[in-house]
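Input: one structure, supplied below.
Chain nomenclature is as follows: A, B, C and D, assigned in order of appearance, with residue numbering initiated at 1 for each chain independently.
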Amino acid sequence: MKYRVPILITMIAGFIMIIREFIPHEPFDRIDNWLQDWYMVVAAFAIVLGIESLLHLHSRKISFKRKDWQYSVVLIVSLLLMSIAGIFGGIEDKTFLDMDNPTQITELLATEIDTIDGKRTVAQMLPADASAMSEQEQGAYIYSQLKTITVEVEDKIKVSTRHPDPKRKYTIPALYLDRKQLSLKQALKRQQIILHRGGLGYLLKFYLFGGFQFSYQYIYTSLMGTMFSLLAFFVASAAYRAFKARTLEATLLLLAAFFVMIGRVTFGTILGNVIGLDIPQITDWIMNYPVTAGQKAIMIGIALGLISTSLRIILGIEKSYLGRE
Amino acid sequence: MDMRRSLLCLVLFLFLLVPLWAQEEAVQGDEQTQEQVQEETQAEADSPPAPPAMVAKKPVLSPLKIAVNDSPDDNGKALIVEWDHSPDAIKHRTVKTVDVQQEVVNSQTVNTVSWTTDSLTKNFRILGYEIMRQAPGEGEYNKIATAFADQTSYVDADIDPGESAAYSYKVVAHITRIALYEILRSENTQGPFISVGMNPMKKTRFTDSGVEPGHPFYYKVIAIDKDGERSDESLAPAKGMSHAQWFSMNKLNIFIILGLLSFFIIYSIERAKKDPDLYIRPIAGLAAVEEAIGRSTEMGKPTLFISGIMDMDDVQTIAGITILGQVAKMCAEYDTPILVPTCRSVVMTTAQEVVREAYLKAGRPDAFKQDNVWYMTDDQFGFAAGVDGLILRERPSAVFLLGRFYAESLILAETGNYVGAIQIAGTAEPSQLPFFVTACDYTLLGEELFAASAYLSRDPYEVGSLKGQDWGKLTIMLLLCVLLVLGILSFWPDSFAFSLDVIRFLGNLFKI
Amino acid sequence: MNLLDRLIKLDRRIIFLLIFLAVGIPLIAPIGLPVEPSQPIESGYDFIEEMPPGSFVLVSYDYDPSARPELYPMGLAIIKHLMGRGIKVVTMALWPAGAKLAEEALNESVQYIKDTQGRELEYGRDYANLGFMAGNQIVIVSLGKSVSKTFPNDFYGTPIENINILNGMKNYSNIDLIVTISAGDPGVPYWVMYAGDAYDKPVIGGCTAVSAPQLYPYFANKQLVSLIGGLKGAAEYETLIKAPGKASKGMDSQSIAHLTIILLIIVGNITFFLDKQRLKRLKRRMK
Amino acid sequence: METIGIWLGALLTLCIFSFLYKDNPFYKFAEHMFVGVSAGYWMGTYFHNTIYPKLIGKIGHFFWELAHKNAMVVANVNGETVRVQGISFDFIHTLEYVLLIIPLVFSVLMLMRIFPRFSWMSRYGVSLMVGTGAGLFLIGYLKSNVIQQVAGLLKPVVEHSAEYGTTWATVGNLILIVGTIAGLSYFFFSKAHKGAFGVMTKVGIYFLMVSFGAAFGYTIMARISLLIGRLDFLINTWLLGTIFG
């Protein structure tokens, strides 16, 4: 139960993934999607364990006041804020419209809503004397009518098209339509437009989503981009240290890097014109032939190693991932 | 026990081959039925069409010959409908009002042919013109040029100036009534037929991907003219049936190569069990593992192990985890703490299990600290930032980077180098190897990562599978040697014409 | 401690400072070095030049903001080129953050076309953004079956049936070219494997300069129509479409930074040899 | 709000850059913040991109479809009005829903790890991942890294290249084949790298080194452009945009 069953699961999953490559027949044509969906769900659930581990580690650091515990507070706070904002605020792009804001009302009035008989604008749902109303009043009206105005929206249902008469079976590529009555609020929400007029729930969602967007856009992206850009410095320091002609291998490493570096920038073209060599073309040739040869050898070797490891896993020989040899 | 495993493979192999034959029979049967239907359609077409009703405009004619074929290797999800053009599709008509004028352009005498096409454009669309000429002394009209649909004149410069008046011209218009073809489908011969698609006039092939395998479908193709008038729908339909295949024939070569490689590996494993003392060449990085951990112990510093940044579905992560088991065991024996921050939660749970087992095997389960194996973040650079901070603060004296790495490889390796740790790295991600090679003390290049656990454990199964890999490499190398010889022979194409054919043949074997 | 010793034990922070200056200074004061298009980029340009107006091109944004500086300019240049030729552009993303970048590039290109050609392009008629879909290679495969089933809604949540341009684009059979701009997995290899090879569609790959050598075999094997690597590729493309942008500007910084690293390597090797000579001398003296 | 964001982004950028000088409180702050924010981000992403659409949403959809099981749908087929029963649960369709139980069970087992007594249950989920991944990688790498790469070599050696000319292209092709053979020989594990074979492996390692060097040189470009992006943000967006605006 503790080892046999997991090995069996591995074997079955692996075999299915291999044979489905050769079997176009259903259900094998979609079973790979199923399996991948399943394990992605399992892996996604597992992040709970990860977060738990992180919280556990850092909360202990804080409670024992270990060195640098203050930074653990930063970590835990940013983790909690970001995950709450992400889960409850949602990560899809949304439009929040404040009903008390005149410019946003204008924006909303121009919004088209898809209904079964074509498109309608929000403006068409206002009462006849709406033109006399101020924008704030229009907003108040729309907001008060949010739940009472219903619109018909298209809702696609997956239908297996069996005709009532079993002898006449249609298979029609187009899907059938269902008309669904929705309140305006729901209809707009489908288009990721969220209207609010100070309600607590909306405000919460607004700030959570806004907070998520803000931290994603300014904090997360900046940190990620900067961390990535550190490589520019590290590449230079690694090059200075390692590219020395100590041995023949190191010299080849150095020369190839040198040539390609020159060939990759404008400077190479200029230098080439001076000494009468087409340096970018030489670089291209090096990349095309000797470099490709090395790459191919590595790629083929990797694939063979990977295939044999995969095979050992699928046949149940390799059990190290279960902690067994 | 393990002989049985290989037998199982063999049986599965054979099991897959069985439907292969069955399928071929099915395809043959299918072709017969299609031919029959085509004959029926043909018979219908040969009989004279009903006399047209007394209307000003003649009805549009449908395409007569329709063929429906199964499209291969798609699980019977599509049928290909092909047809010959409707008799109305392309017609030739001689333009009546043709005017020829003799002119002198740039001191050269030319004939300018111009025409008007009022009567033609009413029901038809013009595709283009053909200009024909009868020169003096020639008995018949010869085609001399083609013109676009919007052209109304042509300048003929290839004439004898003295006899320019003796040339006569004819202009033939290529016209069509058809604007579209519509493809109709039904599940029985009587209908109702529903539209499954439209084709522009020039395309006479349509792939219908809305069918189900194993059911007969009947197709009609009707022509529609530019006024929207549809051709006769009463012609007999063409029948077609798609089949869901149980084996993709176009992947047979992949299947055979996979079988061959699997055979090499499984056979070598079986051999290794009988003769466990197989030679493995030294791998520098792995010989240094013990030294690195020993140094950590001397300096009283921890060892850091990172198994890449991908999840457990990645085979490289598994290779890294396998080595982690052996490294952790050594650490337990040397009584050196091992730190394993992970980038994925599932990797964390697995690594905890593996390290715990390793401590258990080393006889020191009490020394295992679960908190030393922890999750950091799923984010590539967040992880790099965290590990960098960790390296700077903990100053490990041995760093292992084994698994799949991307751009963060150099960030980690340079920081490790900065604190003076012995670094043993390995990845099968080709783009990151250069960075490990320049920044680390030892690097396991590509395949060596997968060989590492065999090298460390000397387990006959693993060593055997290494041998199987070598067989695979040898086969490829021999193939390339043959290619090399053939390539050199092809320098003399006159004497060794066969060499190019052989290369082409080999290339086709590897075509996907 | 003399100069040689100092160079041998060069503090890496000095290297960092040099790189910082080499990149930063040209950004403030551009130099304007010339750019010469190379063959892999020209072949992509020529391919698009030969496409008839009205063709459909799928552009997949498979990267996130971390690779933006390197990859954004090339996507922009290609979309400008496609739109300028009257080709219909549909973008999508296999990376979550890609859809937003695609939107930005589309808007910028529309503005560019308006400024240069005076044509107003309309969303839904001339271009569309399908947004992000999770599933990596599975998305690529299922696009071959049906675009509308893979992407039921576009980036803005509009059902796909309501977007004009997508009614003419059912699956790969209506797509004339695939452009993928990727910073890793899922990216160019997946598109080549699952769309290029499986459906026989021409693919143009844009990638970071790092992955370019690794992806080069795909170009050599003609599995890619064109391989545009990094900022230089983008700068070359910008030169070809005669719309110099950020990439061309960045190339100045590139050249200077490269020169700095080259000089560093040369200095490193000279010190290495001098040090070796000195060691030999010392040994001789010891004897 | 945008100005605050830019300031925040710029300050965090500087915090990370300060790491290049040495470890310091600013870097520690940014680092811990980064780990926290990114872990939270991924949690949200996993929930909205995987757990919801692939499990919870599907279960919800199942009940919705169940409710519409008997609904009649009216459709217009080629001018003929057809009434069709709403949703029919045919075999595959039903199976798809029934099988949702698998990820559900595996996920619950995965979470059992929280209880040390049942922590072994998490192996089930791990083995599902491992098995699926192994099968997928096996086929994928076989196709793209073995068959495709070998197929790329199997072409006539004499090549008339417009770029390099026939001679250089042909020489290149020969080098390509020889280099691949030599490179592969380096990865031989069961034979000692001695004698003639040793020479071959030596040549192989030279090819690998050239390829690494070239890849390194090629990469520098990309890394510099990342720095350009960051400095561009600092100079143009932050300094010029907000301070000297």
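To be clear about the criterion, a contact is a pair of C-beta atoms (placed from the backbone, for glycine too) under 8 Å apart; a residue touches a chain by one contact, two chains touch by 3 or more.
Since this is a predicted model, take the numbers as computed values, not measurements.
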Review point. Chains shared as neighbours by subunit A and subunit B?
Key: C, D
Review point. What pair of chains has the most C-beta pairs in contact?
Key: A-D
Practice item. Name the most central chain, where centre means the mean of Cα atoms. Key: D
Check your understanding: Measuring centre to centre, with centres taken as mean CA positions, what chain is farthest from subunit C?
Key -> B
Practice item. For subunit B and subunit D, let me know how many angstrom lie between their CA-based centres, rounded off. Key: 19
Check your understanding: subunit C to subunit D: how many Å between their CA centres?
Key -> 17
Exercise for review: List the centre-to-centre spacing of subunit A and subunit D in whole Å, with centres computed as mean CA coordinates.
Suggested key: 11
Revision key, fill the gap. When centres are defined as mean Cα positions, the distance from subunit B to subunit C in whole Å is 22
Check your understanding: Could you say which residues in subunit A touch two or more other chains, in rising order?
Key -> 15, 18, 21, 26, 32, 36, 39, 42-43, 46-51, 54, 68, 91, 170, 172, 221, 223-225, 227-228, 230-237, 239, 241, 243, 253-254, 257-258, 261, 264-265, 284, 287-288, 291-292, 295-296, 298-302, 304, 306-307, 309-311, 313, 321-322
Revision key, fill the gap. So subunit C residues touching two or more other chains come to 12, 16, 19, 23, 39, 66-69, 96, 209-210, 213-214, 217, 220, 232, 254, 257-258, 261
Exercise for review: Would you please write down the residue numbers of subunit D that are in contact with two or more other chains?
Suggested key: 16, 19-20, 28, 30-32, 34-39, 41-42, 45-46, 49-50, 77, 110, 113, 122-123, 125-126, 129-130, 132-134, 136-139, 142-144, 146, 148-153, 163, 173, 177-178, 180, 184, 186-187, 208, 211-216, 218-221, 223-224, 226-227, 229-230
**Study point:** Topology of the chain contact graph, where touching chains are joined (line, ring, star, complete, other)
**Key:** complete
Point to revise | Touch list for subunit D against partner subunit C, complex | key: 20-21, 45, 49-50, 53, 140, 143-144, 148-149, 151-152, 163, 211, 214-215, 218-232, 235-236
Revision key, fill the gap. Listed in rising order, the residues of subunit C that touch subunit A in the complex are 10, 12, 15-16, 18-20, 23, 33-36, 38-39, 64-69, 96, 100, 135, 138, 152, 155-159, 162, 209, 213-214, 216-217, 220, 232, 251, 254-255, 257-262, 264-265, 267-269, 272-273
Review point. Which positions of subunit A touch subunit B when the two form their complex?
Key: 15, 18-19, 21-26, 29, 39, 42-43, 46-51, 53-54, 56-57, 60, 68, 167-173, 223-224, 227-228, 230-231, 234-235, 237-239, 241-243, 253, 295, 298-302, 304-313, 315-318, 320-325
**Study point:** Interfacial residue positions of subunit C with respect to subunit D in the complex
**Key:** 13, 16, 19, 23-24, 27-28, 39, 66-70, 96, 134, 189, 193, 208-210, 212-214, 217, 220-221, 223, 229-232, 246, 250, 253-254, 257-258, 261
Review point. Can you name the residues of subunit B that touch subunit C in the complex?
Key: 77, 207, 209, 381, 406-407, 418, 430-431, 512
